[in-house]
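Got some structures for you, see below.
Paired with subunit B in one complex and with subunit C in the other, subunit A is shared by the two complexes that follow.
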Partner chain A sequence: MHSLRRLFLFIFSTLILLALSLKIEELRVYQGAQIAIYALGISSIVLLTGYSGQVSLGNGAFMAIGAYTAALTQIHWHLPLFFTFVVGTFSAALAGAILGGGAARLSGPYLAGATLALAVGLPTLANQFTILNGETGLDYTSGTPPTWFGESFTLYKWFFWIVLVNVMLMMFFVRNITSSRYGRTWKALRGNPVAAQLSGIQVGGSKVLAFTISAGVAGLAGSLLGMIGFVGPTGFGLGLSFALVTGAVLSGVTSLAGSMLGAVVLVAIPELASVIAHRLGDTERVTSNLPGLIMSTLLILTVLFTPNGPAEQIRKHKARKQ
Partner chain B sequence: MIGSKRKGFGVIITAAIATSALLISAIPAHAEVGVSSSEIKLGITVPQTGPAATGYSKVAPAMKAYFAYVNANGGVNGRKINLIIKDDKYIPQEAINMTNELILKDKVMAIVGALGTANNLAVASKVQIASRGVPSLFVNTGFSGFADKKKFPTTFALFPSYAMEAKAIATYLKENLPTAKTCVLLQNDDFGADAAAGFKTGGVTFTETVKYVSGTQSSATGQTWIGKFAAAKCEVVVLFGVGTANAIALGVAAAGGYKPQWILGSVGSDVTTIKATLNNPQATALMNGAIGASWAPDSADLTDEYVKQFREINTTYNAGAVFDNNVMVGMNEGLLIVQALRAAGTNPTRKSLIAAIEKKGSTFASAGYSTLAYSKTSHVGQTGFWFGKYNLAGELKSVDGKYTMYTTDSAAGPVVKTEQNRLPMPAKGLPSNS
Partner chain C sequence: MQQAINALLIGISNGFIYSLMALALVLVWRSTRVINFAQAGQAILSTYIAYEIVTRTDNFILAFIGGVLAGALVGAVVEILLMRTLFKHVSDGPVAALAPVIASLGLLGLIRSVIGMVWGNDQKPFFPPVSTNGFTFGSTTVPFSRMNLLIVLGAATVMIIFTLIFQKSNLGLALRAAAFQPEIARLAGIRVGAIRTTGWIFAGAAGAVAGILISPNDAITPYSLDSLLIFGFVAAVIGGLESLIGAVVGGLTLGIGLSFILTYIGTSLIFPATFVVLALALIIRPQGLFGSKAARNA
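Coming up: the complex of A and B.
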């Protein structure tokens, strides 16, 4: 797609979604913001795993770095909100570059293990340094909506607008980079590293670049999640990293467009589980285990029937018809 | 003909006016979110599952049981209370999500008894319940910050703060164990920081202060704490952690033969949690002889009128739950909520509910032995602690049969000693205030 046409499409979709948010009830608007953030988080996995072929179980940790640095710069330096997002993104990217340097030497389960260790270990740092405020976390806020939007423009609509604009900007950047020379380089790397090297691609450098950009994308997602939610160790635990990977698998790990589907599923499952649990009598055992059960079932079904995700399946189906 | 047409027209006009008047009179003057002619919807977020559910999961069902009792006896001014319980797993982001559901989907009138310092702080910041005008009544945390009316204008504390408790313990130590080498176990968060500030204001100096990170308490970390206390030759150890941490400290010390004079904070002295943590029904024996601070009667004190009444309600309405401090806290909060709703008038609104607690809250009956400090300028609830000794069964008993209250504030105010002066339990546990 021509990049100007793509730009127009992104701007048009953003405007439509912003307008839609004015007509939707507040709870759904908040969930919409969550979906947009998860979609961005899943995109960071798609970019890393689907394009460059590196497995990361620790992107939740990059989100934590983004959220904490954004919050700290707001609390201590009083930076305007947008600049806190910039700091969050670049801090996570820097951490990604450092980890990527080591990760370039690892592959497969070893890389998965290293990133998993990061996801497990990093949140516990919040309890080691008083500046990070332990379990209570940091208060990172968007402030109240501008008064000229009127009283009907509620806090959650403000959240959604900030989130959507930032997510769409980053998605546009990601979409462009994956269809650029770098995207093709990563695809070559994923397909056959030896062949890629023989054709003149710098394997190590390309892998580090992929890790850096993926971490930066996750960092922005983390900053946004912290702004609408909780910046604390329980907000960025291992569960978040696993949820992102699950979302990526459900949406098809090579499909950026599919990341939205994975995000919708992540946000919808707890609500779906609560409805079913209510019908089954709300026992503790049902309520606590049902979301995991639904998620696991979906994962198994996805791997069995659409291993590359529904979006990829539809694309193949269309190609066959043609 | 013309005359009959006019007559008919007049009848229609009269009927229309009469119907409109009837309809208008049927509509409450101020229809409020969560309040209908037959029901008042309230919501609570608590850990019902997950590691923190031990003990805490009993609070909300106990509150619901008390409301069921009130509903069976006519409700609040004819309206039944419907309590919607949401499981936040003790995770702040879940608390935000669940509070969103309660306010925006279930449309509750108020949040009641929301549990946990970090959870309540996260909800106040991100859901912005204050700017929405949603009351958050009698939060289940002793963090002193929630009494800040400017910052949390719709939130009301109930428990005396951790800072108040620390000041009371400091005074008790200076009076009763002035020369002993004293040490303390604290949690490394706002809970511990609040307490540390109170101990400092209370003028107590610890030989050894051990801080643990919430969630890391285990036999291994317990060995480290006890090792430090033993090395410092602490004669008195104040365990100001949560129940699981205190239980581990007691268990590890007993196994190692270390026997200081224990002083247990009220947060971490719940018998159910201590037994469950050590997986030993006889674990309460480890508490035997420990000094304890408490703001309310022990749940096993059958001579206490509040305990007796709540136990009766528990037997009939709480599906066979074992009566303990968590159940008592849940029911006591229910008792306060019913009084607040009654005081808010026959057609309660969110605003009238807040105004009622500010105006009449100090006259509400509560199991706590100190009077309530609610006023137009204060959202502080109970303000004092009494001290007793634990027996083999883990029951806190007054040493001299009296309940001398160490009453204070969360700041630099003095600790004042008075005899307990709480109001009597309403007849049959059913408030009749207005």
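Coming up: the complex of A and C.
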């Protein structure tokens, strides 16, 4: 019954958002798609770090794998769009499973370093293999919206619809798996690995599973990001992994609903930065570096003062009052 | 044969730089149990300061000293302002254990953006103080120049100074004690907090030396030391994260190994190769070459 209610909630909110997109201006629709994608990317970290207690600074690399494989299957095999998403998701998940096998043996700082190495190293591969087309990247398109949607149905609206439906499907899956047996297993692992092992949980296997699913989720997010933007090494570099971690920390790492909040902040930062940069006179040095400055300052302040996220802090504060 | 010697020479020169970065990471890890990803940021900031001095005064020695002092200062500031606050606010929760790692990542981003705002994101040429043309023996020219010699000598000097400090001085004893048994060290009258800061100061200086020595081969940008961070980390992991000697051996192993891969297989493989080396090191010998017992003597 509970999960049935959840299903209706997801369908209902998807329909509302789809309807809303017809009413708001173009730029906001595009940003809406960005927010949905970031929320999915962040939830891949929430699943991994918040539930299974493993850290990954390299989920941007899984997004890159998803985007590139999706784009390649579209270019070379002419797969329909939806199937390219499936391919992107599963190939990233496969990479996650391979890495997760190694990662399950590693503790915090080692894992952080290894995944960071992946985030820095993987995008450089784009320049090494001609099939990946270097800095120019690959052309990956959604195609034009069906004509029977009418003239007023623009490409950005089409992006938003595709993105939203896919994100909501995946989010529903993630939400269900985190409240399933596996979710509880991961929580137990994070809380106390020894106790978890004593109660019959396979530590290694569960950790690898978490890594695999997290990578798959990131892979879908990457395919979607590649579709609305472009598939190239600059878009999927260390900056993306960094943004995901920032978003996850801002949203408190343990809550999937919070990933929306983190995603909104990630999309809002460049807007805010451009307003401030305009005040400061719009020099190239300021405009290109201000978003990074705001983001890293926000990240440091959050970690310093509310390491478990602002939402958690407010909840604690309320609990204390009562 | 000639090719192998060339690969070896390049590897040694790079390896010394990697070792310095690994040393910086190990020093911080030993003193505060944090992998300091901001080390790349601190190092590039020191390098930019050295660059500023060298363009104004045209004196490399002055720039070198200024850059290293700046690196040490930045290390102290980071530890006192960021890490101490962080450990004061430590609470439990899924992120709390990762907080230092994430904070250092944030700091890396912060330093890069600030550098970008002050100096711009474009490449700045860092002119080498000595010739970068390889030495010539008879008719053959080896890819080892006066600059490479300077790198090796500079890095070796830093390592010798550190070894002397750690092995022969009371400060070194305090550093080792505070790293292995903070509680007992405190009981023995060692000011563990101050000693930790000292660890960060040494690390900041070592990172600065690495940055200033590697940059004359290339132009500098706010991002140009990112790959050095990865190489340093891998080197430190090979050596066991705990051991100073391990860091040096790890750096040289990685430097020479990568140089041979680049020479004989292809330059496109540098990052995949590094990643494979890291994975192998972690799987075969997670405690590192000089982990466990040996670390206590380092």
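The rule is short, and it goes like this: the second predicted complex is superposed on the first by the 300 of 322 C-alpha atoms of A that agree within 3 Å, B and C clash if a C-alpha of one lies under 4 Å from a C-alpha of the other, contacts with A are read in each partner's own complex, and residues count from 1 in each chain.
By definition in this document, contacts are C-beta pairs under 8 Å (C-beta built on N, C-alpha and C of every residue); 3 or more make two chains touch, one makes a residue touch a chain.
What you are looking at is a predicted structure, and each value in this text was computed from that prediction instead of being measured.
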Just subunit B (first), just subunit C (second), both, or neither: which does A:Ser288 touch? both
Looking at A:Leu272, would you say it contacts subunit B, subunit C, both, or neither? Reply first, second, both or neither. neither
Figure out whether A:Asp139 sits in contact with subunit B (first) or subunit C (second), or with both, or with neither. first
Counting residues of subunit A in contact, which comes out ahead: subunit B or subunit C? C
Tell me which partner A:Leu17 touches in the superposition: subunit B (first), subunit C (second), both or neither. neither
Per the contact definition in the header, classify A:Leu7: touching subunit B only (first), subunit C only (second), both, or neither. neither
List the residues of subunit A that touch subunit B in one complex and subunit C in the other. 124, 127-128, 284, 288
Going by the contact rule at the top, pick out the subunit A residues touching subunit C in the complex. 49-50, 53, 55, 57, 102, 105-106, 108-110, 112-114, 116-118, 120-122, 124-125, 127-129, 190, 238, 242, 245-246, 249, 252-254, 284-286, 288-290, 292-293, 295-297, 299-300, 303-305, 307-309, 312
Subunit A contacts subunit B in the complex at 25-27, 30, 124, 127-128, 133-137, 139, 141, 144, 155, 228-230, 232, 234-235, 270, 284, 287-288
With touch defined as at the start, can you tell me which subunit B residues reach subunit A in the complex? 48-50, 57, 87, 91-93, 96-97, 100-101, 104-105, 117-118, 121-122, 125-126, 128, 131, 188-190, 213-216
Given the complex with subunit A, which residues does subunit C contribute to the contact? 29, 34-35, 37, 82, 85-86, 89-91, 93-99, 101-103, 105-110, 112-114, 116-118, 120-121, 226-227, 229-230, 233-234, 237, 268-272, 274-275, 278-279, 282-283, 286
